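Chain naming follows the written order as A, B, C, D, E and F, and within any one chain the residues start at number 1.
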Amino acid sequence: MFSHKKELQFHSKPERPDPMYAKKLQEILGGQFGEISVAMQYVFQGWNARGDAKYKDLIMDTGTEELGHVEMIATMIARLLDDAPVNQQEKAAEDPVIGAIMGGMNPHHAIVSGLGAMPENSTGVPWSAGYIVASGNLITDMRANLNAESQGRLQVARLYEMTDDRGVKEMLSFLLARDTMHQNQWIAALKELEETHGVTVPGTVPREWEATDFSYDLINFSEGEESKEGSWTSGKTPDGKGEFGYVQTPEAHGGKQDLKPAPSYMHGTPPSEGK
Amino acid sequence: MFSHKKELQFHSKPERPDPMYAKKLQEILGGQFGEISVAMQYVFQGWNARGDAKYKDLIMDTGTEELGHVEMIATMIARLLDDAPVNQQEKAAEDPVIGAIMGGMNPHHAIVSGLGAMPENSTGVPWSAGYIVASGNLITDMRANLNAESQGRLQVARLYEMTDDRGVKEMLSFLLARDTMHQNQWIAALKELEETHGVTVPGTVPREWEATDFSYDLINFSEGEESKEGSWTSGKTPDGKGEFGYVQTPEAHGGKQDLKPAPSYMHGTPPSEGK
Amino acid sequence: MFSHKKELQFHSKPERPDPMYAKKLQEILGGQFGEISVAMQYVFQGWNARGDAKYKDLIMDTGTEELGHVEMIATMIARLLDDAPVNQQEKAAEDPVIGAIMGGMNPHHAIVSGLGAMPENSTGVPWSAGYIVASGNLITDMRANLNAESQGRLQVARLYEMTDDRGVKEMLSFLLARDTMHQNQWIAALKELEETHGVTVPGTVPREWEATDFSYDLINFSEGEESKEGSWTSGKTPDGKGEFGYVQTPEAHGGKQDLKPAPSYMHGTPPSEGK
Amino acid sequence: MFSHKKELQFHSKPERPDPMYAKKLQEILGGQFGEISVAMQYVFQGWNARGDAKYKDLIMDTGTEELGHVEMIATMIARLLDDAPVNQQEKAAEDPVIGAIMGGMNPHHAIVSGLGAMPENSTGVPWSAGYIVASGNLITDMRANLNAESQGRLQVARLYEMTDDRGVKEMLSFLLARDTMHQNQWIAALKELEETHGVTVPGTVPREWEATDFSYDLINFSEGEESKEGSWTSGKTPDGKGEFGYVQTPEAHGGKQDLKPAPSYMHGTPPSEGK
Amino acid sequence: MFSHKKELQFHSKPERPDPMYAKKLQEILGGQFGEISVAMQYVFQGWNARGDAKYKDLIMDTGTEELGHVEMIATMIARLLDDAPVNQQEKAAEDPVIGAIMGGMNPHHAIVSGLGAMPENSTGVPWSAGYIVASGNLITDMRANLNAESQGRLQVARLYEMTDDRGVKEMLSFLLARDTMHQNQWIAALKELEETHGVTVPGTVPREWEATDFSYDLINFSEGEESKEGSWTSGKTPDGKGEFGYVQTPEAHGGKQDLKPAPSYMHGTPPSEGK
Amino acid sequence: MFSHKKELQFHSKPERPDPMYAKKLQEILGGQFGEISVAMQYVFQGWNARGDAKYKDLIMDTGTEELGHVEMIATMIARLLDDAPVNQQEKAAEDPVIGAIMGGMNPHHAIVSGLGAMPENSTGVPWSAGYIVASGNLITDMRANLNAESQGRLQVARLYEMTDDRGVKEMLSFLLARDTMHQNQWIAALKELEETHGVTVPGTVPREWEATDFSYDLINFSEGEESKEGSWTSGKTPDGKGEFGYVQTPEAHGGKQDLKPAPSYMHGTPPSEGK
């Protein structure tokens, strides 16, 4: 059960309107790695978690915080749209700065949401639950989380480069900080879990299920051997169970990719006679 | 530039038809973490990579291999559909086993693809490029890759539990093995890169951009303190730059979430007088 | 800013496992009118609201409650999946009841989420933000809300018919009740707002913008005059500004739908000579 | 069965080309509340209607009209694209007005449709049937319709503000008028139906199905009591069956959100010992 | 402008209920090549057509007919759902035939549409305008149309195999016939157009734009030379402008796929020193 | 099984940066008829092909080549983004050329991919497998392929008009050439197949399945008889089995579109008494 407080977790006031930047900011609201994604990913992971309470709680703490981040960025977007020249199509033909703004803003901000945030990314694609995962396996889900916070912080850093509005930068500085924490906490939690359950997910697969001849070799499918220079072609593997190898020339271990003729009730093109 | 060989990387012959299982197998072909996802994610990452050749090559080696896995699973699906009782709707009413099969198979396999694989997941949703990422930052992309291989191997393990067809299991045992390698290689590569560039992504953000007061605290947004028991609330942080802290009661640092009245040209509902 | 409490708003314990029903229940979690939709629609409306505080607060009260409903249904789904026969593919061929269950359940529940809820609808389509709206105009948004709560309660009633599990029915009885309240509150709020601003949205459009000759006539585009029998073809219109009329035979007021020939740089098929 | 007439229902000729505006106009063609949405929503509702002929006919009259509106707007878009400077990328670098136009137009209009309308919204997202509903319950569907016409007219009003092309404004004035009619007709039809069947949808739910203790209370999930000031916290409810109430402090009526440990065949992360 | 007649273009009455078949039939209603696709594709092509009136009219004749086919199939689906055992979840556990039906039907038919058709395909994915095309070039669009009618008729033939309900078969026999006509008419129209404008689309590309060395060779990218046996590796090309050739070993004509290092403001992983 | 070579199939070096053009070029990478579509369509068709080896090989040759085209265009896009003024939001207000560029580029290129290509179209919509088809019937699939290559070449021609960068044009000239070949090869293959199996797909439908009274008539659903002038209203049909006819006035052969009243358990709006 949730409750809501009207105050924002952090300041969200720009110095001045900037509808083009409002469009860009949608990426970290409703994009693949935006705040909606992390909020929804974490609460679903939390609800589906069947393991130790401390991980479930950690995930719910963070998911609930992210709901507040969605709010913060939505507010910033709405404020960046205040006083946007959205209805000055005619002036746009004369004043190229207005033209650029009208061409460069998200038309949904004017036509659909009435100067409010949209649940979509920076190109106007609606947020999709296809972005997120809650698998019931904590280690892989925390890897998903670590990735999400890394992609998210990278995008915040790029957006930081793209404005000199101090109000916007202040909000971004807070997001950079929280993403730092979230990356570090998932790393710490992963360390705990990997020490117990191993690094190869899932750790519960019996060895006899696996074609172990193929478990530790890099296969050189892309001509050129630059990849041979890395730490992944020799030496002990991180899971401690094998030695890395390198296969110079990929081999086909299966037969030819062919299929039986189609049955007539499928109405395919019948094969030629004699074939 | 790619070239193709007709032989499969590994065997892909089931013992007997099983259209219900064919539907399930679609998940690791065209699902969020299926082989299309990893193949496309890796080749885009490889093409966009602007860093060291060895990482680019590693990524392209792996992406090219995954294209062959798509082929292998697509072949298995087609073979599991051979002799499926797709046109026995009438018998379905009498023979509940046939009924269950017809109800439990993916109708696309009969109506759309003519007993072939579909580029979609186990519920029939078409694969979307919204699943994948290639950010130009190697560390976070490899975290995405590590997650993808972990989710993928988890799904293979679950599918392994759901069949006793030896031919299917043999193919899955190969996929388990390759996913073991791919998890291990991304871990090895991440270790190299994190040692140089730090664990917090991106490592290039100047400290003064960040509201560092908030960089290392877990905030207790979900009532109950189970999460306090973890390694993420005290001690040195994994990035080596801070000390974890714990905030018992979340605080709001921003003002109230409110917005200026809408301009009349937005045709919102005007506020009541006196407000 | 949000906070979370571990207790559910209402009971969510089924009497027994039922994976087929778990699949159906996904509709009111992640479907077009499921709880994710209302939760997200309301919080976006609340954040974007630029009018009176009492409406904004009403919307946020309700949106926050709905987040707790997502949690409640997600929990129910996970519990309905406990002890599901997901890995008994072989028995399915012999035991048609197991076959029906395996064919009738959502494969994501076994393969992707590990017996947890998915953020998707009853056919396995991921939730999309394209379902929701927050327009900045309170009257139309509350009409959207009234519709959402009506569609939602209708679906709950249908689902109530489809089970005799007392635990499930108990949760549904709670949802029926809350949807009753939410319908009634939106009606009450609409009444207030419509009294002030009129029923035609937006009420701010100057009369001279509108081709008023066409503002109050039903046009008989579907042969047959059954529709003439309604209250919408004569008498005062609900907005109090006109008289309903009925146009027996639709008229075309515009010229022919034709376009200028394409410029050559568009590489269309050139028209025949003499045309 | 449908038939088509080449003449448009209303004029659709702009004074001059305007590709940036053509992009915006796509919203009311192929957006969430564009003409494709209402046309498709109404015909599906009409076909699925199992009730009185007069409602079915009303819906089909309106749906068929909307097909003609799609045509009208598609035509306008194509005409706004005539003589667009789509192939003047080079001049764009020198002439910022051309640059703004090329940056601000929808590239599909030049590359995909050859100066024709696209079945997509103003950000270029293809129309999706996920926008529409036909539930078989007339009251809720007419609420959906009333909302759609309200959102639609709101968007038309906003677009009216964004141009001074008299030809475009003339078409919009017609759409404003028809949306006025359609809002009024749905209100009139709803009034009829609600008088017979009650305002709470569906009216057929037996009272004993409902946890009526929770049927008429607003619960204060968002801190602050502004929402208490509305007509929805005291007095008779619109459905005439209860009294509104107000719950100051939300209560949790369900137990803790926790789940049984996962079975081993799900390959989740096993819980720590002693937990 | 369209008008509607209540009678169907053809009979649409099944002999008996069959909810599993209703689910399958959704494919030719709302699938990639279903009737919504052809209807929408044709009307958009017709509206965007800038060439000869006879083609525009042909396209509009056909598009308008297809709208009536959507209606016919939607009606059939609703009738197949009459008396479906949708609320017999409990009996499903005892009676495997009911179990198979409930598992095998589309849950939307019971929960969302109330025994009506849905605008979605046979796996429950909503129809998307991303399926269709209207390019402004008649030849390629008619190729799209020829393909759509071919895929459509193929799916109808498969569905014909899957039922012995005489009412359903009767409707399918009509669809087979109309698809025969539509394939033949597009072939006839294509023949006319290709005779004038050539078979390579678009026919308006000046020869000097094209790297003609590569215009007529099949390149052997998939190991094995079976493809050499076809009519496409020697002899005059269908466009009459070249001779087919065969390239045994694919050659790379471009340099290495590599990119400049990323600028620091992109916050990628910096390259190692000395690289 | 695939292998990869680092060299590109053809040159892919622009003369200068052009982020607005990079956005446009995404259409032929990740759009409906972009290179991802043809690559994926062909490999799925190849894998699903159950007929003669020479067709399967032809399809795989071409699909594998297209994978290399994805690479080529992805590389070009990345190079067009080098030195893009993505972080000069402030200058944009003063320098309208920079403003136009920033407004006209795809924000994903800066925020998400770090100056790399995205798997999406020119409006930023992610590639979807819903675009492609592999039906198991060679004739219709090759019609799909012929259409795809025609739409693709049309788009390349339009893009050729929109730039004067010689490096870009050089790459496009290569694509024009390969699309010429691919159109010609599919035409040649279709000719072979149609000679054997007839032009109406599928050729395997027994005549008695079809309501042949309706197999060869154009029905005049769109008022006006321009379409009568074509080769599709009289004379022998292309399949050689009938004579084209023309039906001046469409007739309804089915009864009224109406449905039985809904059962009460569907909770629709009950019909009025006496109806």
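The rule is short, and it goes like this: contacts are C-beta pairs under 8 Å (C-beta built on N, C-alpha and C of every residue); 3 or more make two chains touch, one makes a residue touch a chain.
Just so we're clear, the structure is a prediction, and the values are computed from it rather than from any experiment.
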item	value
Set of chains whose contacts include both chain E and chain D	A, B, C, F
Chain whose average C-alpha position is farthest from chain F's own	C
Chain separated most widely from chain B, comparing mean CA positions	D
Length of the line joining the C-alpha centres of chain B and chain F, rounded to whole Å	27
Chain E-chain F separation of Cα centroids, rounded to whole Å	10
Where chain B and chain D are represented by their mean Cα positions, the distance between them in whole Å	32
Where chain F touches two or more other chains at once, by residue number	1-9, 32, 47-48, 50, 53, 56, 60-61, 63-64, 68, 71, 75, 78, 86-87, 96, 99-100, 103-104, 110, 112, 114-115, 120, 123-126, 128, 130, 133, 135-137, 139, 154, 157-158, 161, 202, 204-205, 221-222, 224, 250, 252, 257-260, 262, 265-268
Category of the chain touch graph - line, ring, star, complete, other	complete
For the chain C and chain E complex, residues of the former touching the latter	18, 20-21, 23-24, 27, 31-32, 96-97, 99-101, 103-105, 121-125, 154-155, 158-159, 161-164, 221-224, 250, 252, 257-262, 264, 266-272, 275
Residue ranges of chain E touching chain D (in the complex, touch as defined)	1-9, 30, 36, 40, 43-44, 47-48, 50, 60-61, 63-64, 67-68, 70-71, 74-75, 78, 112-120, 126-130, 132-137
Residue ranges of chain B in contact with chain A within the complex	5-13, 32-33, 46, 53-58, 60-65, 68, 71-72, 75, 78-79, 82-83, 86-87, 110, 114-115, 125, 128, 130-131, 133, 135, 137, 139-140, 143-144, 146-147, 150-151, 153-154, 157, 160, 169-170, 172-174, 176-178, 180-181, 183-185, 187-189, 191-192, 199-202, 204-205, 209-222, 224-232, 237-239, 242, 244, 250, 252-260, 262-263, 265-268
Chain D partner contacts - residues on chain B that touch it in the complex	154, 157-158, 161, 265-267
Of all residues in chain E, those that touch chain C in their complex	1-6, 47-53, 56, 86-87, 89-90, 92-94, 96, 99-100, 102-104, 106-108, 110-112, 114, 120, 123-126, 135-139, 193, 196-197, 202-205
